[in-house]
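Here come two complexes built around subunit A, the first alongside subunit B, the second alongside subunit C.
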Partner chain A sequence: MEGSPTKEGPTSVASAKSSVPSSSLSFRNMHRVFTASRTALKSFSSYADLIRSSPPPSSSFYAMTSSLLHPPAHLPPTVALQLSQQAPILLQSTPSSISPYSLSSLWSAAESPELWMTYENLMLSCLRTGDEESAHLCLERLTARFGAENERLMALRGLFQEAISDDDAALKQVLEEYEAILKKDSSNIPVTKRRIALLKSLKKTPEAITALNQFLDSSPTDAEAWAELADLYASQGMYQQSIFGLEEVLLITPYAWNIHARLGEILYMAAISGEAGAEKYLAESLRRFCRSIELCDDYLRGYYGLKLTTGRLLTGVPQASRQAKSDSVLAAPDSKTVERLNETATAKLTEIVRLSTRGDAAWGGYDKAELIAAKALLDTDTVKTTR
Partner chain B sequence: MAQVPVQTIHRDPQLFYWILIPITLVMILTGVLRHYATVLMASAPKKFDLPTIREQRSLMRGINLRANANAVSPSSFQVRKDYLVNAFENGAFLKEPDKKGQGAPNPMTDPAAMEGMMGMMKGNMAMIVPQTLIMGWINAFFSGFVIIKLPFPLTIKFKSMLQAGVATRDMDPQWMSSISWYVLCIFGLQSVFNYLLGSDNAASQMAQQMGSMGPGAGAQMFGPGVDPDKQFQGEAENISVLAHHYTLEGVENRLLESVRV
Partner chain C sequence: MTWISKSVTGLGLLFLAHACYSAYEHSALHSTSTAALSTTSHIATAASSLPIDISIETLVAVFTVCLGLVLGTPELRPIQWRVWAGKIEREGEAGYTNIDGQVDKDYVGNPFRVLESRPGFVDIRKQRKEFAAWVREGGGSDATIKS
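The block that comes next holds the complex of A and B.
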């Protein structure tokens, strides 16, 4: 897959923080917490995105059985591969068709939502690993049960077609199909989202932004869509708009610590991009990271951002200009507090990196890339102080 | 005190085979049938068109803002407040902006509302019709039979419950008539249906009665007969009087106090 430099934004944070997730990743983390929006989230990560942005393989953190009931987007590739290798066996062992009216349902086990969730997730895993036959079988069984006119299935079928098309021309055809469906029924939300995801993977970012804005006008309580929009704006360097979008997400899910941290990151990027009011952005960014740590103990990204922002506040900006605060915005905390925060963040980061690289059982679950980035940050810090 | 002699009634054992078992069987089968009839008759969940979705979700957005306003900075909150209050008051999100201020439509003339009522009717019919038929059937064939004796003593108060259709004054309340067995079946077969059809079956009346008593909150919020304009006006007022406390105020000190390295 091609690298996606546009995704991270043109600033140096992106390069410094190699672990800054692409939008869909942070999205997925949120997803892990708020499973309620399960259906929605999946619809945005296109096939290409799945492969491009999937996190590196981690330990056997995910148990085999439970992973089929999780949305597959955040499964590490090894687990996805494992799952799809089991697909033929699994497909054989489950009955090929279940009708809600058949007499046999009186004595056989009742169909459960888990079964259909398994099919859907299995299909996505199979598509990731290129097992198109099994994926097609899953799709067919879902269609046999829910009918081809089911909105979610229309989107799934579109996803399947996106996955098997080899070039942009085929993808464009899928896009046209989406548009035909939407012309008939403009309230088909899953297909609307797929269309936006496809626009994004075709690198038509302005169109995707327009479509998202249109979608959000009619459905402003969709946290996923707001986060996606914020991400697209950030990729275009439009930080103001991106911040607005993430604030909307927070208004829907106020305790999503990863969104707090993400907003902190965007604020930091806005601050160092030299926009007007860098002061204000930096102070808010610092507080966002504080809040994310407050909501989630030992949150690596939170501490990383905290260290970064406090470091910048301590070195970069002269004290005098900080006094010029506007009335409605909180000023940055005094330098003593900032220093203490910086020390805390450094100590915590060191602890997390030390314990989890040692393989402590209780400290697993951290993303490897994030750990490496944290380590790199700590190393540059020590180099500076020894000089 | 002399012992009250135990009443003995000689029953034909055939009563057991030809009344007790048929009634039970028929009750179970009706329950199963009703479940499938309800599944087949259920109308698909209503699909809303885009303007309706927009109207409902915009209102939800206002409610979200009110509930979670503390997560965003005062200036961000002010911007959103000004925008939403203005839009709510002008009816910018209404499904039919030109009908603003005309009050709620009459639910009886609104076809969408009628549809919802039809769904409710169907559910009730599926319960009432078989109930009536079977009651009539039992009355016609089995009324006046005493079919079993309960293995435990009961007080006289139970007579009217257990011996419906048998007008014998002196009979011990332990004896049970066929109609009472039917009534007992109606209420007692719940667990059998749970076993046969799964826990969310439509065969049990209990669930249906509960459902008709307390309709979901969503139905009340956007149900027929509610004027969306009134809701928007109310929400605009709620938002405009909201006091805003920024969560991030002093978060750094809270954090320093709580985190021990």
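The block that comes next holds the complex of A and C.
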């Protein structure tokens, strides 16, 4: 099988679409592609309606805390901005220091774990939006409570310094600080992770991979680290190692439907990159996407991948050559099954896109970028069939 | 929905109170009348048993209270993994808001999302750059930007 995915001819839409999975299948990149080109946004006529129909962000404290109780890395910039705008008010409304022996502790708890989680996540949001004052205040309060020698706080302080440093020299200094901490106590997991993240940020990916492998030798049940390693390998085009990493993640969290889909995407990327055994990768990818759908009803990402893989299986290789090679590896299902899977995926994607763009309240949880990507995939498909 | 359940429960409690009061009145009346008449033990046992309408009212009241409480229960959460996961993906936060329009406190969304966002390895400088680019693109036009 060849690596070049353009077999259907140089129509503008088809080539635009096929350039996306060859670079990376991930929807994050698709988001970037689609937001970069305004025309794509305009072709998706009801995108504005989508934004308008999404519930207005509530500014009440409780609605905010629900998103502040979880790490904010995945939040869209709008929400991050909103959170950090609320930061000064929130920081004023909470007491700056909590004394363990106050009179009010008789009838109410002086502090709750949620408060400290809120501080930490608020700090991350503020650093992201550039509100360093509030971030520093959060850090100070956390330090006052847990002490500067707390492992997690060491990592947070390093993160703060990373964020405010302007040039590479300052970053090198932060890196040296991390190494000094790790020399004293090599079992400091948060700082180890920060060091790896900083190496990656400094474009020293091979060093980051080595450090991450060492870290995983000592703590092999860290699913987050395995996922990071898989991502680093995938960014280097080492798909086999990346697949291994994601399989390790699935050993730890076997029901993670998004990781099944991610593994399917990496397998698909491996299949179209022209490595040996593309057929095997495609069949495995198909199975992974099916599993992710099995674990999660109406999973847009799973159906998207299923449609891509089945489409490729149907157009790519003739049935005879597939049968010949299928003695050692688990072969792809026969073409009739693949065709039916493709039809199911198309029908389901169409339904999801239709219901979500209509602004149905029960279908409003999908990511806008993923919806746009699914719509584009469906459109290219109809272009192909009508031609 | 809640006002229905609340009114039904209230009605049931009212019935229950009424039945209790009736039973009390009935027994008080009969004990005085039987003491005055000083009748035989046969009539005393007959008097101590409640009339059928009070018993029926008690039962009806209990069932009405039960009905009201059952009507007032929040919507049941899915117990099948794929249904639960599908609900999270399909509805997002909107599926977990209560009547006041606030997201439930125990809502976490997809618990495995951290495996892809990976807060321990967050690249804060990249996030800052992306955010700055987003602001420059005019993404913040709908919200006021702080200096």
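Convention: the second predicted complex is superposed on the first by the 309 of 387 C-alpha atoms of A that agree within 3 Å, B and C clash if a C-alpha of one lies under 4 Å from a C-alpha of the other, contacts with A are read in each partner's own complex, and residues count from 1 in each chain.
The rule we apply is simple: contacts are C-beta pairs under 8 Å (C-beta built on N, C-alpha and C of every residue); 3 or more make two chains touch, one makes a residue touch a chain.
Nothing here was measured: the structure is a model prediction, and the numbers come from that model.
For the composite obtained by superposing both complexes on subunit A, the positions of subunit B and subunit C are free of clash and fit together.
In the superposition on chain A, contact of A:337 is made with subunit B only, not with subunit C. Of the two partner chains placed around the shared chain by superposition, neither subunit B nor subunit C is touched by A:238.
Within the superposed three-chain arrangement, the count of touched residues of subunit A is higher for C, of the candidates subunit B and subunit C. In the superposition on chain A, A:218 makes contact with subunit B only, while subunit C stays out of contact range.
In the superposition on chain A, A:251 makes contact with subunit B only, while subunit C stays out of contact range.
In the superposition on chain A, A:115 makes contact with neither subunit B nor subunit C. In the superposition on chain A, no contact is made by A:182 with either subunit B or subunit C. Contact with subunit C, but none with subunit B, is seen for A:77 once the two complexes are overlaid on the shared chain. Of the two partner chains placed by the overlay, only subunit C lies in contact with A:190; subunit B stays clear of it.
In the overlay built on the shared chain, the residue A:290 is in contact with subunit B alone; subunit C does not reach it. Put simply, subunit B and subunit C get as close as 11 Å, counting only Cα atoms, in the superposed view. Shared interface residues of subunit A (contacting subunit B in one complex, subunit C in the other): 294.
Contact residues of subunit C toward subunit A in the complex are 81-83, 85-95, 101-105, 107-110, 112-128, 130-132, 134-135, 139-140, 142-146. Subunit B meets subunit A in the complex at residues 32, 36, 39-40, 47-51, 53-54, 57-58, 60-61, 64-65, 68-76, 78, 80, 196-198, 246-249, 251-256, 258-259, 261. Contact residues on subunit A toward subunit B in their complex (touch as defined above): 100-101, 106, 110, 186-187, 217-222, 244, 247, 250-252, 254, 284, 286-288, 290-291, 293-294, 328-330, 333, 337, 340-341, 344, 347-348, 351. Residue ranges on subunit A touching subunit C, taken from their complex, read 55, 58, 60, 62-63, 65-67, 69-71, 73-74, 77-78, 80-82, 84-85, 124, 127-131, 159, 162-163, 190, 193-194, 196-197, 200-201, 223-225, 227-228, 249, 253, 255-259, 262, 294-300, 361-366.
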